[in-house]
Amino acid sequence: MSKHVEKILRPKLAVEIAGIKLKNPIMPASGTFGYGEEYAPYLDLNQLGAVVTKGMSLNPKAGNNTPRICETVSGMLNAIGLQNVGVDAFIEKKMVFLQQYDTPVIVNFFGNTQEEYGEVAARLDDVPGVAALEMNISCPNVKHGGIVFGTDPGAASAVISLVRKKTTKPLIVKLTPNVTDIQVTARAAEESGADALSLINTLTGMAVDVKTRKPRLANTIGGLSGPAIRPIAVRMVHQVVQAVDIPVIGIGGITRAMDALEFLIVGAKAVQVGTANFVDPKVMATIIADLETFCCEEGISDINDLIGSLEL
Amino acid sequence: MSKHVEKILRPKLAVEIAGIKLKNPIMPASGTFGYGEEYAPYLDLNQLGAVVTKGMSLNPKAGNNTPRICETVSGMLNAIGLQNVGVDAFIEKKMVFLQQYDTPVIVNFFGNTQEEYGEVAARLDDVPGVAALEMNISCPNVKHGGIVFGTDPGAASAVISLVRKKTTKPLIVKLTPNVTDIQVTARAAEESGADALSLINTLTGMAVDVKTRKPRLANTIGGLSGPAIRPIAVRMVHQVVQAVDIPVIGIGGITRAMDALEFLIVGAKAVQVGTANFVDPKVMATIIADLETFCCEEGISDINDLIGSLEL
Amino acid sequence: MKDFKTIVLSNQEISPGYFRMKILAPGYSQLAQPGQFVMFRVQSSMQPLLRRPFGIFRVGFMAADCDEMAPKEFIEIIYKVVGSGTEIMKDLHSGDPVELLGPLGKGFDSGDPTEEKILVGGGIGLVPLYMLAEELVKKSKVRLLMGGRTRDDIITVTEFERLGVETYVSTEDGSLGEEGLVTQVLERKLDKYPNVTVFACGPMPMIEAVEKICTNRAVALQVSLEALMACGVGACLGCVVMGAEHSDDNPQYLCTCTQGPVFAADELDWNKNKVVATGCGGGCK
Amino acid sequence: MKDFKTIVLSNQEISPGYFRMKILAPGYSQLAQPGQFVMFRVQSSMQPLLRRPFGIFRVGFMAADCDEMAPKEFIEIIYKVVGSGTEIMKDLHSGDPVELLGPLGKGFDSGDPTEEKILVGGGIGLVPLYMLAEELVKKSKVRLLMGGRTRDDIITVTEFERLGVETYVSTEDGSLGEEGLVTQVLERKLDKYPNVTVFACGPMPMIEAVEKICTNRAVALQVSLEALMACGVGACLGCVVMGAEHSDDNPQYLCTCTQGPVFAADELDWNKNKVVATGCGGGCK
């Protein structure tokens, strides 16, 4: 049954999140796109909705022992351990490169203590070119400090409230999926001052080498990402969109426009592409082009009309 | 570097769980093997470690609207809604078939209320041929009653304690993975009288048809199973084995002997094969044969020596 | 009901987007009934994960490699490329390994031999009707009404003619045969031959229209349905349709894989089962 | 550093379990340096998900389809079938589409032209040494010590000979060349020619033994390492090895993909980096 559809020539792909204007809803996920420069030879960064950088901490961080990665069925495990150059070196060396581009830069960051979170946010506050901060309260790889901030709504509220006071930039809080009820953390983050939410971070997982009987990762447990986790991510984004009023950025297993559309339709204002960058460095450009084609064919003149259009 | 290994001719594959003797550690996962008879034309049920039947409730249950299933990347979503013939019809019609076999029958069951759980367990208590009960406190598909028993340690304890009083059969409690800390539920189940634990049940997920903008499942949300979820399942089994003293049965994305071995090595005493039965009705026979070959080649004379042999 | 590894014998595009595949299938000449299907495993990887159901178009024999051996049995399936599985299938070649589970399901009931028969096929829905026609022409007059959107959707009609079936083709765009819907042709035929049994397979809107027409005229109807399937053997309960007795309080679900795919029209609840055969809209992966 | 879709030109088993694949690779004759690698995408499905890294064996040219056109550039890779990705690769045919990202990484430094060179290859580790040999023979005497478990592991040695390289073969089981480890041969050669630079690639235990020998004798050594890689471009930080300055308090991690795969031996921490190149033991999927 072919319904008649008015073809659109030049659909509007621009979206706005917490006051940041994005050319389109496609951006990389933190930790899968380095500091941007690694992929600049393959992809015009000006094409992207935003660039999201590797998670920053107050001091440089060495990361975990190796092996740090392992392929799984339609996914991968990583326990990089948040290796990064530290916020000061980032501002000095890495931001300069990104400032060349006409694309908002979202800086992902984390801390081992509340105070560290606050301090990193403060140092990034007046850096030109930083469009927003993405606060990672969810990385499952770091043993430091025991329980993960993002799995305890109280701890999450406390650290978000603190960071909120330290920055005037839009604050995106990135949620962990390793919780019983993602709506609880989402509401806690909203109430503590988040301007937007992004989800999901990786799901904790493990793989074993049956010959050596050792875990495949030096860290034993790592974060699962890639197409395998997409149904879990779509479900959580759907639930969070219903629980909060702030915008939501969908993440998890996106490899093509059809995947991005699932998140947009359940209500994400934008999406992040992670593991798929490793597989195909040009994947975000392809997704943007295919999103445009989809809108043309389906008669959607503004992608905002598609966002949250799920029919239940 | 080839270490010298003594080849074994006839390794022992038998394991024991809560007093039930299994010929080998391989059995189907509930809901993926019907009542056993559906797969009997393809596979000799006498070969299996045990047969685990579709989840039973007190009254017959019609299940959800369609579509009930949807393929995802290396996995599937289901929202069958626990359709079943009801415990009385099961005892009368389905158990008779299974009693022909020399294989322990584990009956999976659930209830919508504590009392229903207790009543189903009571009715199954004196049925000949029922080797153990597997209590599903974790199915995410049933809207009835709101919050899932297995995601609330208090509710889980209460219902398990009640069931414990109603049955003299070994009681296996099947845990849901949709929780922040699986060790908490595992300990709650052990303290409330579980003789063994099985995990994981499906992870809640969702998929969207981007053309119709409708969820692919009539129920919107369903349970994700298949190879995609294996790393999450292995991680949870690893954690639970460390948290409790009772035996653990590993479930999640097993498609071949290598997959089963991951669970055994982290400490599962046996494993269940779910979605893979749909893909290959003979898969469990293949896994059993390949497990035997693996033991021969690796010089393992008793599979119990392999269980929990993870090197950290 | 068998489950074995086998090989593709040939695989050809017979019309744009439609492929016909011959698969070595020992035992099928004895086992397969008109209207049954197979669960086909595209390749032994995890992607696509589940087997795909396909109706059996026909069972045939080909000469063995040497004289002393029995001729080899094969089945033919005809499929439309709609998604990830069929995309891979179209690239299979002679000799490629595949897996077959089947024949599965409840096929057609040939009905009263004294009555004439009308087969209604819509596009790829024609597939299960061929073996049925082979059976029916032995005893009764058989007419085939074949419909499609364009002429590309009109497949294998000459083969039905070779069986002695009287065929009538219609396309929505008039590019082949009569312009219009196959249901219009059905109404005309039923005006002329009211005492027939109708067998229908095709897209759900067509099947629903056929059901209305037949019920209004009290004409016996059997339909072959599609549903999303995981196991094909009655184990997963994924493929159900609502039965005639279905109500919200007293639900009656029938398995398309074991109680179907062929149903007598009066076994089903026609108000509710629109969800049947929604398919995955091409792209659920 | 390019990223493009291309096609397989040929793919042949050259020794049991070892395959040699020619891939159309425009631009590589200008770009590729000895010791660099490519990230190879086996097929455009999700399984296997990640690209696989392979050393560039050599860059070549073949006649164009018509006289006016420039000759076509290709690269050759040689791979051992060890797991899910290489299992699929071995079944690729001429004309099959694949994707190449590269050339990537830091290759070998040719060193002092007045010094003689010794290349040490273990099995598949020979691969990156061929382009290096092509370069080195222009200026220096080059010897290749090639080791393997059995003769099946001794590949492409005659091609090195054709370049004018003096070759010495050893196998652990004595099935080809001298019986024993390649490192025994290395010690003998170093006794005779102490003023050389050594270039080594092979399994980690071999590389570690070579490092001990060279360090003891103060012989300059460059090694090419393997590590598990997701991106190949320095973005994921999955492929790191510990640098010479590494300590628990002051960790120094180097990316094998961008700061390697070739390292001067003194850049690395030889006490700790045994974890390098563990590979996935064949079967991580």
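Lettered A, B, C and D in written order, each chain numbered from 1.
Here is the rule we go by: a contact is a pair of C-beta atoms (placed from the backbone, for glycine too) under 8 Å apart; a residue touches a chain by one contact, two chains touch by 3 or more.
None of the values given here were measured: they were computed from a predicted structure.
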Touching both subunit B and subunit C (chains): A, D
Graph distance between subunit C and subunit D, where chains that touch are linked: 1
Pair sharing more residue contacts (C-beta pairs) when A-C is set against A-D: A-D
Chain whose mean Cα position lies farthest from subunit B: D
Interchain centroid distance [CA atoms averaged], subunit A/subunit B, Å: 34
Rounded Å distance, subunit B centre to subunit D centre (Cα mean): 46
Gap in Å, rounded to a whole number, between the CA centres of subunit D and subunit A: 35
In subunit B, residues with contacts to at least two other chains: 72-75, 207, 210-212, 227, 258
Contacts with two or more other chains, residues of subunit C listed in rising order: 46-47, 283
Topology of the chain contact graph, where touching chains are joined (line, ring, star, complete, other): complete
Contact footprint of subunit A on subunit C as seen in their complex: 46-47, 205, 283
In the complex, subunit A residues that touch subunit D: 31-34, 38-39, 41-42, 54, 62-63, 65-76, 78, 80, 83, 207, 209-212, 216, 218, 226-227, 255, 275, 277-282
Footprint of subunit B on subunit C - complex, ascending: 1, 3, 41, 46-51, 99, 101, 227-241, 250-253, 275-276, 278, 280-281, 283-285
Complex interface listing, subunit A residues touching subunit B: 72-75, 77, 151, 178-181, 203-208, 210-215, 220-221, 224, 227-232, 234-235, 238, 253, 258, 261-262, 265-266, 294, 298, 309-312
Touching residues on subunit C, where the partner in the complex is subunit D: 45-47
